[in-house]
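Following this message is one structure expressed as structure tokens.
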Amino acid sequence: MINVIVAGFRGSMGQKTVELVKQTADFHLVGVYSPHVTELQPQKYGLADDVQVFNHLGTEMKSADVWIDFSTPTAVFENTKFALKSHIHPVVGTSGLNEAQLTELKALAKTQQTSGLIVPNFGISAVLLMKFAKEAATYFPDVEIIEMHHEDKLDAPSGTALSTAQAISEARKAPVQPEFKESVKGARGADYQGIRIHSVRLPGYVAHEQVLFGGAGEALTIRQDSFNRDSFMKGVAIAVRQVATLSELAVGLENVLN
Amino acid sequence: MINVIVAGFRGSMGQKTVELVKQTADFHLVGVYSPHVTELQPQKYGLADDVQVFNHLGTEMKSADVWIDFSTPTAVFENTKFALKSHIHPVVGTSGLNEAQLTELKALAKTQQTSGLIVPNFGISAVLLMKFAKEAATYFPDVEIIEMHHEDKLDAPSGTALSTAQAISEARKAPVQPEFKESVKGARGADYQGIRIHSVRLPGYVAHEQVLFGGAGEALTIRQDSFNRDSFMKGVAIAVRQVATLSELAVGLENVLN
Amino acid sequence: MINVIVAGFRGSMGQKTVELVKQTADFHLVGVYSPHVTELQPQKYGLADDVQVFNHLGTEMKSADVWIDFSTPTAVFENTKFALKSHIHPVVGTSGLNEAQLTELKALAKTQQTSGLIVPNFGISAVLLMKFAKEAATYFPDVEIIEMHHEDKLDAPSGTALSTAQAISEARKAPVQPEFKESVKGARGADYQGIRIHSVRLPGYVAHEQVLFGGAGEALTIRQDSFNRDSFMKGVAIAVRQVATLSELAVGLENVLN
Amino acid sequence: MINVIVAGFRGSMGQKTVELVKQTADFHLVGVYSPHVTELQPQKYGLADDVQVFNHLGTEMKSADVWIDFSTPTAVFENTKFALKSHIHPVVGTSGLNEAQLTELKALAKTQQTSGLIVPNFGISAVLLMKFAKEAATYFPDVEIIEMHHEDKLDAPSGTALSTAQAISEARKAPVQPEFKESVKGARGADYQGIRIHSVRLPGYVAHEQVLFGGAGEALTIRQDSFNRDSFMKGVAIAVRQVATLSELAVGLENVLN
């Protein structure tokens, strides 16, 4: 049985996570945390009588094994520090940690001998895509990325596409880039670490990524589709189960996929 | 029975066309033409005894119904003019006609009352893709194009992708373009007539085009793959059969697809 | 301005339709109908003061131009009969009409000189896929269908896939079926009207259909994805706008796509 | 420098392999073998003067490090035995070894302390697809396979699809199979080891395989396309380079991909 605290339990991801913990046989919800709540009766939030509702960090939290953090960019650093100091393994889904904070947290994890996991993307299909792409790139150095998102996504390329390109770029021997002449600028996409990325933005689409590899007489394509955030819960469950087996504060769900 | 002359019969497309005509029951090869040959015995080229081999334009050619031209950019204008003047319907697969020449040929077709067809692309799948894309754009104004070719193709976007964008652009009411911020330049592709085109270049690939339409809660995708030039012969056969039913010198295989 | 009544306004599709009508500038909601409601004040349902709430069919309904029916299989026949007799154009999204009822309604539409539209599928992408597939089949008689749905869909193949196969089968000259030996039964899919259909059932998937055409050296693929029912509203809007231009009681949204 | 003998050097794969060896800087062709040739001058076959042409197995072959076998199903067993006995590492692309022969060869490899590799499929994209599919199945037990081949392929499902299903089946915990009702028999495909396989046969297509994984709110798809046999040469090169590092007579190119 793994005892769990959910930080940021009132947000959209926090609520999904509370549901996940309640429904998983070997997970036990010991507490939920949000500095913004004033009511501390668990029943107010549809929680069992033995779940503690916290609105401040405190020593009563120490019974937990895993701290799942879906709080806010401003709170996540202090939360994670607190978890590590309390020997609770943090699983952090909140973004916003900068390089300096990450370095400090990694050092703290070491001195506290408490492992943890920072997870930029809980979607298993996206994480597997990245893992496979990295591996395939050794054999197929010629590769391009197409990512497709809903029309409201402003930034291009997507963060996942950039991470994928980075991973591929480190894994492969750089091939000779094919020459080209663009009759209309931008046709050949973005050049990131020598890898071409193409970003499609269309209504109806949600979040999709394709990695296309080509070689003499053959092609390999890896594609992932995220239709909704339900997909993240599978990743959260794996992280909670595996975080204690890590030897440090690691970054990326791939560290707990074998 | 349709009597056919093949101009440029020694080139790669010319040879395939000669084979096609020989193997099609209702086509009859009456002559082949190339100004570069000196031997005029048909047997030299594996042709039946009754096929005439020409190395200059002449009145003996007049028995033909259809003139299939796979000659050269420098010869195609004179060839087509000759065909029209001889009341032979030209089916032209050779590129290189400029706007002025096209205008002159169209006028000549009218005065000679001889229809013809200029065909930039004989691939039926590509022509159907363009036709369907144009039609779908009325209902789905949000659309992007991805074309994928072998790594030796220098120019980007491909000619077919540009033609497709043009056709879509004329058919649809222009939607509001989604805003975006490119963190790496080129991610959102080329903007041609308000339509985003993405060009992939990879070994192994041949010639492929996708048109992606998105709308609230749904998506429509049309894709065509050209694996080799065998695919063009189906288009040549349709053109030869239908060219006489046209009322002018038209451009595009879509004019003979109903 | 098109005056609209929505029958079955309390169901899921009915509610979406009411929202659509309210938000469309040239549509005017004059009434909603459900035999199951007892409260007749429009405010109870978030409707404007001038919208009439009906719980029985009656002559006050006659001011409407179009009757949108998302009622129930048992009510749809009487509803549509009533609409036609009242010279209101029916747009019927409810399933459950049998052949005899359809014949009777078609005859009634004729005598009443009131056109209407029965719509098995309001998804534009699905309807366009079917239309394009039918057209492509003339040129590419070799074709197979793959449909993919969520794992809870019991029946296979899907209704849309069967309709697509039917449409293709009528359009094409039947090709010679390739011979095969199945080492595991079912590999080559279902044979419907000489067309192979393959049904995939997986969690995560929603409703997707692909039609694959193959020819010498080339391939053409048409794919549609339905992610949610929002997509149907575009089809409802087109049907409402176009139904009065029909000359009979027609079946299929394709009748109002040009 | 790796010294290579090519057995079956006159066949289509044998010829490609000879070309490969000639063009690879660190491979050296020391001999070619076919029991059917009578002319033994290397020049007859476009080979360098120092290449020995053999028409029988003999001790002069012993200078080779690697024996590449693309001979015939009836010759492959004796050839491989000979290679192992001569301490030449066999890389076998010829099919036709039965279970008993394989067992005998494995034992021989052990006693001779000479490793080797039997390779059912040299296509890297196909082998990587299988490897990734196996890995993904741990996280996504819900999976189906679609394979697409040219219309002349008689057997369905393809051997690669069956191997993929086998590999997945061993890797995953078997999920509850979704129930279904086939209104047309075969719609849900072949059931092999609890995995549904769908076989498409169409002209234009060459050899393609897709593995579709579905989970709550997401999907992962791995696809490989083989356009021609050029793709196999990359696999042959890897096998030749790595075979000596193996500790046994292994089956499958995946043993030399890391």
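Read from first to last, the chains carry the letters A, B, C and D; within each, the first residue is number 1.
As a working rule, a residue touches a chain if its C-beta (ideal position, glycine included) is under 8 Å from a C-beta of that chain, and two chains touch if they have at least 3 such contacts.
A quick map from chain label to UniProt name: A, B, C, D = 4-hydroxy-tetrahydrodipicolinate reductase.
Keep in mind the model is a prediction, meaning the values are calculated, not measured.
The minimal number of chain-to-chain contact steps leading from subunit B to subunit D is 1. By number of C-beta pairs in contact, A-B leads when A-C and A-B are compared. Distance from subunit A peaks, on a Cα-centroid basis, for B.
Just one of B-D, C-D or B-C has an interface built like that of A-D, with over half of its contact pairs in common by residue number: B-C.
Centre-to-centre, using mean CA coordinates, subunit B is 37 Å away from subunit C. Subunit A and subunit B have Cα centroids lying 49 Å from one another.
Work out the mean CA point of subunit A and of subunit C, and you get 40 Å between them. For subunit C, residues touching at least two other chains, in rising order: 204, 213, 215-219, 225, 227, 231. The touch graph of the protein chains shown is complete.
Interface residues of subunit C, counted against subunit D in their complex, comprise 142-144, 146, 148, 151-152, 154-157, 162, 178-192, 196-205, 212-219.
For subunit B in complex with subunit C, the touching residues are 123-125, 128-129, 132, 135-136, 138-140, 213, 215-234, 238, 257-258.
Contacts from subunit D toward subunit B in the complex involve residues 204, 206, 225, 227, 231.
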